[in-house]
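Here subunit A shows up in two complexes: once beside subunit B, once beside subunit C.
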Partner chain A sequence: MTLNQSAGWRGLGVVSKVAVIILAVICVSLPFWAGPYWIRIGTGIIMWAGLALSWNVICGYAGYISFGHVAFFGIGAYSTAILMQPEYNWNFFATLPVGAVIAGGLAAIVGWPVLKLRGAYFAIGTWALGEAIREFATVVPFTGGSYGLSLPPNTSSAFFYFTMLAATALAYLICYVLLERSRFGYRVKAVRDSEIAARMQGINADRVKIQAFVLSAIIPAVLGGINAYWITFINPDSVLNTIFTDQMVVMVLLGGLGTLWGPALGAAVLYFLSQQFSALFGSSTWYLVFIGILVMAVVLVLPNGLVSLLPGARKRGVLNQVIGGVVGGIHQTKPSAGAATPKEARHDSP
Partner chain B sequence: MDIFIQTLVTGLLIGGLYVAISMGFALSFGVLDVVDLAIGMWVVLGAYAAVVGQQAFGIEPLLMLPVVFVFFGFVGWLIGPFIYRVRTSNYALPALMALAFTFGIETAIRGGLLATFGYTPKSVQADLLQGVWHVMGISIPIVRVAGFVFALVLAAALLIFLYFTRLGLAIRAMAQNKDSAGLMGVNVKRMSTLVYALYVGVTSMAGVLVGAVYSTTPQVGLRYTLFAFFVVVLAGMGSVMGVLVSGLILGILQAFVTVYVGANYTLMTVFLVLFLILLLLPNGLARRTA
Partner chain C sequence: MTVLEVSAVRRTFGGLVAVQGIDFTIGAGEVVGFIGPNGSGKSTLFNLLTGVLKPDSGNIRLFGEDIVGRPTHLIARAGVARTFQIPMLFWNMTLLENLLAATVEENWSTAQSRAEQVLELLELQHMTHHQARDLSGGQQRLLEMGRILMRDPKVVFLDEVAAGVHPRLREIILTAIRKLRGQGVSICVIEHDMELTQSICDRMIVMDAGKVIAEGPFETVTADPTVMKAYLGDITL
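On to the complex of A and B.
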């Protein structure tokens, strides 16, 4: 019983390979042919794909729900904003690691006691952390309180598109290597599936969980820094709003929990939907109702997310065999399309 | 010294409200093993129901208590089976999915209330409970006393229900071991639904009193959810007496932080204390024997 469905490049069918290449080309070339509106949408989708990925690391891979992930996003945003104020005047790229280090450190300190306990406590603790950080940002003097901070404007939308793309792509690469192609990934999943069994195998479960939490805290901090420079004005309501965590949760659940590409898929679908929603109904609080009902519906009818509907997912073996039979002709010989590499298959077997 | 005693009394009375909010959740958590993120929203819904009842129909808020209990109990009875289904499903991480499900409930209710009533704070005007008692230089608002008394009555009723009725026996059996309880002839699904309905009804009822003491917006729901978590974590998950004690502790803590440190720091302090408790007493005050 595992959530993992990601296989390597070699495990992909021809159709999927072509699709991935087309997608990559579109991603890289978008600013050269698309209008400003679509660049903006693209930047948003890429940012959310990264944020959803980070949430998926702690939830889908490590099995702990974090309801305070916006705290790390906000920490990154505020680090960049504060260091880019005229009195410090740091280079933008130099501010990103600072936010990452602060967020990672905080995650380690908070995770150390809370990750030892059952998942429910972790959810509560991180939620309280998110609220506490928000209060902190409102109260302390150097954040500008509820008025917020302004950053020096940069009007190049392509700059933000590519910075965001680079950060998210790097995050995906790191997560792919660490979680799907290294011993660390197996440790994390082993602890998630059965902590006692993992400990029996000599895995230091506490350390693995903290490492996963730190990894999932660094990504939103970097993205938060870029986002702060992008929107040029931040306050607690815009970068520490619980709606950010809400959306990460929904995107991951919608896309597919514990899969590498689920968050990106969920982010693209939901971000696009939310843009359509606000275009149709204005920016209304009905959006929250929509999100809430969407979460409930996904949990009830599609617990493995949209990824499970794609060809290549084990859930839809029949569909996959039809497509594979048409294109490759040899797909039927594979035991299970989702677990294509032998390593994965061994891990998946009960 | 007067301020000290005043703060202590205020804290105790507020603590009563927190006990009332957390009591149902403690029960539901013990039986269903689902962490409900929507607690605060049931509180807010209760308060808004009283406000609507008062403004639209002119009903005295205190008389709304049974109506609120029955109505939201029915709502909980409708939702309960879904939560039970998710919790007992063969998903990879059922507890987590159940948590996500209640998160969906919370978000949907919050959005619905914000869309309908907006961000303006609402408060319940309980005419029967207006006024302040002055005892030896300490002022005690009657409405807070009512909240405190309500909490005590609630705790007593819950204890009687759990320990002196057959239904209570079944619920306690389920809290210990669902499979064994099922084998003994307890209809686990129906009882789970019943417990969830009871929890939603009781929490909304507490919400009416919360609405009479504080003004309420849909945004503060989160605060009450965190407070209820705090109380139940401190109590040790599933202990009724522990809830009584730790609810009062939370009230006193909040009152002292508000008076001596500043109201802006309440949540931060609560979080810090919660953090320390998790570090030092991972099982809470009352160790649950099961």
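On to the complex of A and C.
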């Protein structure tokens, strides 16, 4: 018996192991045999797999629905873009840690008060954070305002593919070790499932939630930096648009909330479909209708996401837990005898 | 030796006084039963003693140290463990993970083998990798007991731990309580089952309307007219 039989290489069957190896070989070798279009698709899928993972850390593992995650993506993008301007002329790779530190620091500062909120209140608080950062980027001079910033061009699509792959792979490795293989993961999941009970096991829930929020903020900051260099021009609309967070949410729900590989699966399916949709029908609002139908279908038919269709997948009910948290956050406004008040206790129900 | 000392503890919710100026002490290795009608403030008192709620006034001293206002996790680390009136499990985690999470702040190197022993004691080993949400009501209470057994608590609060539990599972819970008692752990029990209370408690504290109305051995308090009045009301037989 291992600590967690369902996660990890040893828990996989032979077919699954072969599939993972084939997938890994395809990922690593793609730029050597695929054309520019498919390299671009691959780069996009990998970036979104990382972004979806980051949202999954705060929602799927920690139980907090964030609607402002794009803020961290934008901070990473702007950090890289500003530091690569001719007057600073930083090396691209040196800019990435800067964005990560700023995003992580902001998450720690904002998280301290905001993570005391629960459910819909936290969602609104993070949404406000995203909007505030967007407005900030629009009005301050060093971001270029609504005109945006241009970055030095790099025409090597393979460079961005491998950089994105390395960053996302590292993010998955770190999350796997921290959330599935260490005490920290038990702490995070315990706080998600029952904060009061977690505190009664000696877990410092406030600190754990901030740590999880910081982890979830660092990943999109790094990917945002790479994305900025990749697209060579950024403005508030292109890197601080709420559609980024919306896509992360849909990808995680589609793939499987609270699972390590669900976000990657959801990102691959949704990004590929969206690109095909655009190729067939052009850019239109019908894509949003398609997304809406997809979300409804997943919630109704596959509440545990596409990952639950994989062999050996574990049944989870994180979606109910998180949605219950939103409802609980709204209704837990009045203290009652015998029960903890909202400030003193959080939602705890199966 | 006094483990827990409670003096003049009071807590209100708006206009409702849930606990009004309670005093008592718990000694080392003592098993104390808390009884009283529904709404008498027992669970609120447990929430105050474990740091889940903060008292409006009064003192709570654990091993001589004031713990009022101390965060719940620090009170837990000082040796306090509890179950809840409505079980609060880690619903999306397996039974094994629930037990490991209980010991995440201590004894991590022996957690795995300890969890296996606890699951065996609770006769839940066949559900090791099931999620907590798959458990029946009685099994949920067993798992809460299991989390306590995973740690090395010095004071344990059990809030209706055997309520609505099948007699077979009830026996397992009693075995677990006796095991804790054998280790010298002080135990506070809220329980409506008088037979169970009588069988495990050294002393009873009876509460009504947020106050302690009687204290002493089971036979004494159950014969007390004030206690009978609290339970039965003003009736003349």
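The working rule: the second predicted complex is superposed on the first by the 307 of 350 C-alpha atoms of A that agree within 3 Å, B and C clash if a C-alpha of one lies under 4 Å from a C-alpha of the other, contacts with A are read in each partner's own complex, and residues count from 1 in each chain.
Convention: a contact is a pair of C-beta atoms (placed from the backbone, for glycine too) under 8 Å apart; a residue touches a chain by one contact, two chains touch by 3 or more.
Only a predicted model underlies this, so the values are computations on that prediction, with no experimental measurement involved.
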Identify the partner contact of A:189: answer first if only subunit B is touched, second if only subunit C is, both if each is, neither if none is. second
Tell me the contact category for A:258 with respect to subunit B and subunit C: first, second, both or neither. both
With the two structures laid over each other on chain A, which partner does A:197 touch: subunit B (first), subunit C (second), both, or neither? second
Kindly classify A:288 by the partners it touches after superposition: subunit B alone (first), subunit C alone (second), both, or neither? first
Under the stated touch criterion, which partner chain does A:205 make contact with: subunit B (first), subunit C (second), both, or neither? second
Determine, under the contact definition given at the top, whether A:69 touches first (subunit B), second (subunit C), both, or neither. neither
Residues of subunit A contacting subunit B in one complex and subunit C in the other: 1, 3, 192, 258
Spell out the part of subunit C that touches subunit A in their complex, as residue ranges. 13-14, 16, 18, 39, 41, 43-44, 47, 50-54, 71-74, 76-77, 80-82, 84-85, 88-94, 96-97, 100-106, 108, 112, 116, 128-129, 131-133, 147, 151
Seen from subunit A, its contact residues with subunit C in the complex are 1, 3-6, 183, 186-187, 189-190, 192-194, 196-205, 258, 314-318, 321, 335-341, 344-345, 348, 350
Subunit B residues touching subunit A in their complex are 35, 37, 82, 85-86, 89-93, 95-97, 99-101, 103-112, 114-115, 222-223, 225-226, 229, 233, 264-265, 267-268, 270-272, 274-275, 278-279, 282
Under the stated contact criterion, what part of subunit A meets subunit B in this complex? 1-3, 59, 63, 65, 67, 110, 113-114, 116-117, 119-121, 123-125, 127-129, 131-132, 135-136, 138-139, 192, 242, 246, 249, 253, 257-258, 284-296, 299-300, 303
